[in-house]
Every structure is written in C-alpha cells, then in structure tokens.
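Lettered A, B and C in written order, each chain numbered from 1.
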C-alpha cells in the first residue's frame, strides 16, 4: 500500500526535510468591503506536521485557507512558501505549487463518477497534447492508464473500490467527503488543506477519517493543515494548533498547551464583557 | 485619417448641425426604449417572483396583441375584445402555472429557462394555427388611442414631430411602472411575491400559496404583455417578427439587473436611444442595419466592465 | 436476459476504459454501423437527401453545442451563426482554391468557426450563465449581419445567396445539385462517425474532464489547477469547430444553396432543442435529439394525411412546432436529462431483468 507515493522526488516537491518551515503567513489582513475577516495573523506550517486551525464560527478559518491557496488575496501581509515570498497569484498556480484542499461543503464534480472525480486530481500531471487526446491512442492512452493506476492505488488506500463507477451525486455524505479526500490526494500535494473533514459524520466515520488523515501524514509525509470543530479529533491528530477568534490569532502551540489557555477557553465559552 | 474623422468627429458635427434631427432621433430611440422596457418589465416581474427567466415574454406580447386584433376581426367590438384578451391572458397564466411551473418547481434555473423556450415554440405554433402567420394591423383608433401628431418648431432650427401614440406609450409605461411599484411594495400580495422570490420553501412554510402567487404574477406579466402588444402594434403591426425584437429585452435586463423595475426602464432607454443614435450616425459607415446587434454589443461591453450590472452589488465568491 | 455483462472480466485498465466495455454494446454499435453503411441500398433518394443527411449533419451540430453547453456548461444561443461561419468560409475556400479536395475545405472551414467561437467566448471568462447568453446572442446577430452586409462572403452574387459548385472526389461528384444522394450520404456519414469518435476520445480524457470540472464547480476546478481561460476557450473552440464543419456540410451536402436566413436564431434554437431533448452532456443523446426534432415534423407531414386528417402543409409545420414545444416542456418535467437518460435507465433495467433490482 505504501508503495504508491514516493515523497522524495515527486513532481513539484521541494525536498524540504521534516521540521523545516514549509509555509509562513506574516501579518496577513483580509477584508471584504468594510468587513474585516482576518486581522494581522501570523503563523507557520512545518514540513510533515499536522497543523490544526480552530476557532468559533466566523473566526476566519476558511478565509485563512482561501488565502493560503490563493483564492482570496490579502490586503496586507506576506505568504512565504518554501522559503520564497509568494506574489499575488491565481488559485490554479497554487495548485501547481503542490497545495491541494477539500471543502467545507463538499465540492465534488457532481456530474462525474468517483473515478473521474479522482482522475481530475491528476490533471496537472498529464501533459499529452490535444491531438493525442483526440486519438486516445499511443502516448495519450499510456498516460491515461498510468494515471489510472495511481488513482486505483488511492482508491484502494481509502477503501472506496465499490463506488468507483458511481456518480458522486448518488453517494452518501460521508463517502462524498472521502472521495473529496481521494481527489485531493491524487494531486500528490505537498500541503493538504482540509476544511472540516469530519463535519456531519457519525462517530464511526470520524474514526475512519482520522485514520486516513494520520496514514496520509505518516506514510506519504504529506503536510496537513486542517480546520475542525471536534476538539477530541483536533487534540488527537494535530501536532500544533492555532486558534482564531474574530479574525485574530489568540493562541498558537501544542494541543495540550492551547487547551489550557485562558483566552481560548473564554473564546469558546464566552466571557461577560 | 479620413476613416478616423468619419468615426470620431463627423457624427458629432452632424448632430450639432441639425439639432432638430438629433432630437427626433433621440425621441425615436426613447420610444423604442420604452417598448423594450415594457418587455423587460414583464421579464422582471416573473424573475422577481419565481426566479424564472421567462423567454416567452416576447411571444406573450405577440399572442396578446394577436388575440385582441383577431377577436376584433371576428366582429367583436374593441372594448369587449380588450376584456376578452385580458381574459385570455388570465387563462394562459393559469395554464402556465398549472402545466409548466408547478411540475418544475425546484428545478435548476437553466431547466426553467428551457421550459419557457419550449413554451415560446408552443405559443408560436398555437398563435399561427389560430390567427394565421400574416402580420395584422393594430386597432389603434378603435381602442380610443390618439393617432395624430404634433410638430414642435424650434425657431429657425427646424422642427420635431411627436406622434401622439408614442406619447401615450410613454405615459402608459410610466403608469404601469408606478402601479407595479405600489403593487410590489405596498400590498400583501406584493410582499408575498418578494418572499417567494427569495426562497420558495421558506415562503411555503409561512403559509404563502406558491400556485396562487405564480398564477397572479404570470397574469400580471400577461397584462404588461398586452399593453406592450398594443403599443408596439400601433407603431408597426402585430406579427411574429416581434418575437426576435423581444430578445432585445435580454441586453436591457443585463444593464438594468434582472430584479429591478427602475433598472428595466433605465436599461430600456439606454439601449433604445443608444442603438438609434448608433444606427443613424455610425451605421451608415458599415452599410447600415447595425441595429440588429448593437444592443447586444452595448450590453456586452458594459458587462465586461461591470459583470454585476448597473445596479447589482459586487459579487463576492465563496467556497 | 441477453443484455448481461456477467462473465465479461476486465484484466487491464485499457479494457476497462474502452468506449463500449460491454460486449453486447459493441455488437449493437457494429450492427448500427452496418445498417448505416447498407442504407443507400434500401432507401429512396428522398430518404437519403431529406432525412438521413440532414439528420447526421444536425446531430453533429448538436454534438458541437453539447460540448459547450452540455460538457463545459456554457449556455450558447449562437450555434446557428457558428454553423454559418463554417458554411461561408467553406464556400470562400472552395471558390478561391477550386483545385483542393472539397473535404479538406470542409474540415478547414471549421477552424474559422473555431476562431469566431474563441473571440465570442472571451467574455465567458468574466460573465456566467444567463449573462453569457447575451454574448452568444451578440455573436448570432452580428455574424448574421455580416453574412448579409459583406458581399465578398457570397462573391457579390446578386441574389445574396451562396450556391454550391459541383466538386469531385476520386472521380465521384459529391457536392452541387448533380451529386447523387448516395455519394453525399457516404461522405457525411464518414465525417460524422470519425468526428464523433474523436470527440468521444477528447471527452473521456483530460480535456473533457477539465470541461466538466468547469461545468460542475468552476471554483473548485480552478483550485485544482484548471486554468479557466484555457478550459473555457478550448471548449468554445472545439464546439465552434464542430458546429462550423456541420454548417459547411449542411450547405454543401444538404441544402446545395443557402441564404443568410438559414443560419438565423431559429437554427440556433433548433439545435439547442435537439441537445435538450437528447440530453445535455451526452453524445448518443445528440443523435437521439436530432432524430427526434428532425424526423417528427416529417412524420407528422406524412402521417397526418395518412390518418385521414387533411391539413395544409403550413398547418403541419405549425402543429409540429406546437408539438415540439409541448414535448420539450414534457421532457423537462418527466426527465430533464433527456432521451439519453431514458436510454441509460432502459439499459439498467435490462441488465437486471426480469428482476426489478439487482
């Protein structure tokens, strides 16, 4: 099973070793019109870690992910990716730099099968031109089959063989989440952003998902940043946690430290002002 | 150089040289714009209440006009024909609600749009079977609409001729917009309409009857269509060619926004006046006839700079 | 009972990914192809010229529209105009380079349509949905205006129409009024079959997946590395290319002569209806839809008098229009995914027959 990805030498990977800074966010602020979504936030993500971003609803967590993968452009602050300050760029460039993600409200391609959905994750690694594609023969066919093989490995890994040819619209929610993870994994990302991967799941599904996340992190060395509301999951999975509230960072550190932080407790339980 | 002069300078020289002509052109454009606006108004009504982009509004205009004229041709007096035509629009509204809208509730917008295209085809066929395909004369004087014209002298600078029917069209359009604004904002049904437009399910849950609301709104659009049909018919004649003209409501709506009644009016006037001036002063440079596409290009250029339309709010994309 | 895939094991991904993975489907398509090849032996000149040829050409146009609207999710009301671009550029090519094989011209003429498609597709990068319909309407009316106002396009004919000259391929006359229905039919059949196959390949590969990503969720697509510019414009280009080739064939193999009114918005709507009734996002549906919309009026025209209903030809046309309009609404209500979905459901049922489920 672990033969499927070779973390070193994968296309688009930096060759950073575990523990080096993969991504750093410095003094980032983002606002829509007059509404401030994120105010002056800084933190970093280290190669190979599981980094959790938590906070009450509306704290700016998803906006933060959107900034990291280039969907929103912060008005202030810089983002450093693999040691280089990133310029303003389109989301598809972030994808080609090795950042993949899943979405809070499942964003699968509803008209396609599970297999095709996961194949879309291989798009960036396929390069046979238009005319070969028309013929679907020779190099184009070989390429398609080579990537199909990779995709099948991911399908095995996430145990979704049975739904390979099912249109994703027909799948139950929990499986859709899993297919979405498969699609992100198919991109062989260096940084994987998971936006509430366990929202709406029952206990069993959560356990499965937790296992997959840990396996991805440990077997393939993929760095993971995740947003999650289930504190039990967050405390078990993550190496370090950053806590946001009203668009500001209120705590940052290992789970046990954050757990006992008074500001965090106040943010979650509310304090009389 | 000559070409640049012809494009950039000459039309304006012409405008200044013959201000009476310019005013006449603007007036013509204004009236055409009022009629576009009336069609667009029908679209807006339905879009506001059901989120359906009603492609059939154009054919409803033709259908309403044909019913009126057709009935009169059969010997029905004009006033009775008018009442019967209103009745026909009411029946049409109920049928549309019952056979098209109700079974399709909750479907994606594009499906509903296509259903109205299907409706267009059905109504074209039906109209031709009943009334025949030839253009008909509108019964303007029988309906008591003014037919004369007044010439305004502008000192030594020539004169401007205003058709009374055009003035009547503008007045009727104005009254209609005022009436609809009151209807939407001041009545119980109007409030229900807006509620339905925002969220079908939520509206249902507070006890609003979708079916009734839709029938009413399609009927209102039918009345607007009838008024449009009369006014337009009085200017040219009642024929199925109008159906193509009605497509120009689309650029009007793009400019004005799909849900704004004042937007429909302003959009209609911009398109109407813009394309007339374009045709008269620039059209001849490329052989004329640019009226057929200028409206779309105006809307297109506009969209490229303001994708959300004239009155729309800036769209923030979320995921 | 006879439609089972039981026992047909796939041992390689290539075998699993073929267009017709089920053996019975392969047999079925082979039978259809043989029938299509033998058709001229049995069919009258009328059936070939008035039914089979326009059906194939319009099916190809529907496929073209389906690429854009069904697969890439960009609504287009300008199909007729793009077909017109193909027809007029083919006419110009044939008259400027008379010695070149006319089939080459037909295939080349699509590239002009593709260029027009890309130009009018550019706004799709900023605007979406219904707003895009305005762009394609602009294309429709602007191009239609060009066909009328630029005499160079129709070689300054006093009639304003284009007339197809007779051209031979391998010693057989295939275009113009003197060409036989059989010759024209085989050329059309060959082009349509080959192009359908190429497009099927495109759709099941990376390019097609990109189009569907944009259709299903454009934001997620971009976050996964799809460049909207390339995905959308390639859809416009391929779609318009196919429509352009179909337009050229429409005039060269079916009409024989045409005027600008042929490529009016009515044609755009007709092709759109074919795509809707057949099923958006389905190639086989394009054939179903084209057959349905093209053949239904003919059946009515032939069938109504046979039933003893005596009606004028004009009325039949009008009734056909009503029926088509009503059927579109009916289909949208009953099965918004068109005949193709009905076909798929039928096949599913057949697989588990005689049991209601498997």
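Keep in mind that, in the parts below, contacts are C-beta pairs under 8 Å (C-beta built on N, C-alpha and C of every residue); 3 or more make two chains touch, one makes a residue touch a chain.
These figures come from a predicted structure and were not determined experimentally.
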In terms of mean CA position, the chain most removed from chain B is A
Most central chain by CA mean?
-> C
Hey, how far is the Cα centre of chain B from the one of chain C, in Å?
-> 33
So, in whole Å, the Cα centroid of chain A is separated from that of chain C by 41
Provide the C-alpha centroid distance between chain A and chain B, rounded to the nearest whole angstrom.
-> 49
Shared-interface residues of chain A (touching two or more other chains) are 71, 103, 107
Two or more other chains in contact with one residue: find those residues in chain C.
-> 219-220, 223
Scan chain B for residues touching two or more other chains and write them down.
-> 317, 319
Sites on chain C touched by chain B in the complex = 75, 123, 126-127, 129-131, 133-135, 137-138, 141-142, 144-145, 148-149, 219-220, 223, 265, 269, 272-273, 276, 314-315, 318-329, 332-333, 336
Chain A contacts chain C in the complex at 69, 71, 90-92, 94-96, 100-101, 103, 107-112, 116, 119-121, 123-124, 126, 128, 130, 133-136, 140-141, 144-145, 148-149, 152, 183, 187
Can you list the residues on chain B that touch chain C in the complex?
-> 53, 99-100, 103-104, 107, 109-111, 113-115, 117-126, 128-129, 133, 244, 247, 250-251, 254, 258, 286-290, 292-293, 296-297, 299-300, 303-304, 307, 317, 319
Residue ranges of chain C in contact with chain A within the complex | 12-14, 17, 198-199, 201-202, 204-207, 209-210, 212-213, 215-217, 219-228, 234, 281
